[in-house]
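The structure under discussion is supplied below as structure tokens; questions concerning it will follow.
Just so it is clear, A, B and C label the chains in written order, and each chain counts residues from 1 on its own.
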Amino acid sequence: MNALFAAFRKDLLLQWRGRTQMVAIFAFGAAALLLFSFAIGPDSSALREHAAGFLWLGLLLASTLSLAESFECEMEEQALEGLLLLPASTRALYYGKAIANWAQLALLGMALVPVMVVLYDAGTLRLFSLLVVILLGTAGLSAPGTLYAAMTSQTRARQTLLPLLLFPLVVPVLLAAVKATSLVILGDPMEQYRPWITLLGAFAVIHWSIGGLLFGRVVED
Amino acid sequence: MIAVAAAGVCRRYGRRWALADVSFEVPAGALVMVTGRNGSGKSTLLRVLATAIRPDLGTVRILGHDVRAERDLVRRKIGLLGHRTHLYEPLTALENLAVVARFLGADPGRSALLRQLEEVGLGDRGDDPVQTFSAGMRQRLALASVLLQRPEVVLLDEPYGHLDAAGFLLVDGLLQRLRAQGATVLMATHLMARGRKLCDLGLVLDAGRLVFAGAAAQLPVPQGADAMGFAEGA
Amino acid sequence: MRASSARPIAFVAFGVALLLAGSWWGLAKAPGEVFMGDVQRIMYVHVPTAWNAMLALTFAFVCALCFLFTNAWKWDNRLEAGMEMGVVLSLLLCMQGSIWAKPTWGVWWDWDPRLTTTAVMVFAFGGILALRAFVDDPVKRAVWSSVACIVAFVDVPIVYFSVKWWNSLHQAQSTPQTVSSAFHLPLRINAFGILFLWVGLVGLRARVAALRRRGEMAPPLTQKQSATGRAPITGGAV
């Protein structure tokens, strides 16, 4: 438990130090949302209808940058190996990193919401419901994302491999989060919000469990 | 008491055997020099002893514990100063030490960590991020990090590399202190004269094989070493 | 150590024979389906391919687990072969689905949950094959692809359910699940045909993987090459 706290504290500090990069990643996400609107055209009703999809696509693309960056400082001087030799439990290192990545992605998601509201006229008053979707969706991105980022940061083609491996895996998150966000924005007459949230929760639980179990094999020799 | 016992250790990298059937024993408290040409397997050997990588064949026992079966226990007792510094570039020197301290279960205050930095000559750079450090300063910080772990078996890969004259004396002093504390030290270095003077034992590797294991004073001097200044002084 | 390739080749031959028999039956002898006519005959390959694609990927998953627990190279060979087979069969499945969908629904893709899940699987496991190409160290390659295979396989049911719910809100189009009993025999023959075919191919492919790795890794140290005995603590050279 102490190790988990130590790991989380270290990752939070590293994220704080790299906050200018966070701003750049947010700018990337916002630019993506802008480009999506150009792809659809100035049809406000179509934009509003698909706003949820654009938000989550933009967040997904930005997440690959954020996740990859989270392992840059671990690998450039083999700092992660240094911690493993202390010894530090791989489980603590994984969960510390995954929770910190989750926090960063959730913040990114919340920051992109106003961009979505402005560009697509997709406002909503059900902010709490929206927050729940963002929290659960980013949790689903963070767990497998942290595992795969640890892997790909040790390979040659790290830029392309992370999205290649991650995107097919998180299809359920994309489907469920877009659906749930759409219901929050456009209305939910048939009460379909809850099953989608449950799916997001189940995905997160499954992947946070197996991530912790498999991380050790990925970073140790 | 045998601190390090290697038996038939082999490790391959691609098509090469970086270590081929290396066997030796080091008694506790000894100061051992590991030497050999570039690419002879010194770093690989230290990394295998440090449990950073596993031997493909053979066994290694550190203080009686097998590195494969009791890896975490071994890790608690060893400290590695490797080729990579194991530092977080965006963090300051003090923050790097604090991360290590917290994982070790302690939470020493700023002053305790500052003292550790002063020991390696970085007392006035505690709040500077590591990315502003020179190679020699990074090496000193890495050394401080290793000492923080209070290891019983210390593995140093080229501890004198990147350091200035003051740094050389620093490392000499640290080695004496570690010896006084009863720690076992294995040090990979090219500085033959220094090593012969300071160390008890010597191991010489060549293309992954152990070609000499014995008293440091009897270490063979490599051809032409005198001319290049490696044998004397340095 | 070099086992004969006779058995896998026999499997492949037997599989092809079964496939030819079953396909002839399905294409020539069995009656056309009442509503869809001859287009429905693709079911004689489509359904068996679906079963076998899933089987191949399950086999890969089991190999991944075995490798992580035993660290034996043979499981990595089989993993590589199994994943390749699974990706090929899944790709075939998607193509068959398109061939069926175009005359039936007028579109090349109909977002049927099972077919969509298969497409996701092609990308997921294809990505793992790409990962293997970018990792030079054989041990890391084996461990990482086993880990990725396990994560991807565990994800498959989740993908299926999420696509099913997602699609059910739109239309009720789906490939027919039931086939009436008159058509069972050719289906089963083809299923076993494809089964023998891919098992044989996996056997051969696993062998190729083993041979490739032997070329990558250092040959084992011979007795003559290795140094003798343990070095003494004091004294001269070994």
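Operating definition for what follows: contacts are C-beta pairs under 8 Å (C-beta built on N, C-alpha and C of every residue); 3 or more make two chains touch, one makes a residue touch a chain.
This is a predicted model, so every value here is computed, not measured.
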Chain ID, smallest distance between chain and overall C-alpha centroids: A
Selected interface, A-C versus B-C, where C-beta contact pairs are more numerous: A-C
Taking each chain's C-alpha mean as its centre, the one farthest from chain B: C
Euclidean distance of C-alpha centroids - chain A vs chain B, Å: 39
Distance from the mean Cα position of chain C to that of chain B, given in whole angstrom: 47
Distance from chain C to chain A - Cα centre to Cα centre, in angstrom: 30
Shared-contact residues (touching 2 or more other chains) in chain A: 221
Residue list for chain B, restricted to those that touch at least two other chains: none
In the complex, chain B residues that touch chain C: 7-8, 10, 12, 14-17, 20-27, 57, 201, 203, 209-215, 218, 220
Residues of chain B defined as touching chain A within the complex: 50-54, 71-72, 75-76, 78, 80, 82, 84-91, 95, 99-100, 102-105, 129, 145, 149
Contact footprint of chain B on chain C as seen in their complex: 136-137, 216-218, 221, 225-227, 229-238
For the chain C and chain A complex, residues of the former touching the latter: 68, 120-121, 123-124, 127-128, 130-131, 134-135, 139-140, 143-144, 146-148, 150-152, 154-155, 158-159, 161-163, 165-166, 169
Chain C-facing residues of chain A, complex: 144, 147-148, 151-152, 154-157, 161, 164-165, 167-169, 171-172, 175-176, 179, 192, 195-196, 199, 202-203, 206-207, 210-211, 214, 217-218, 221
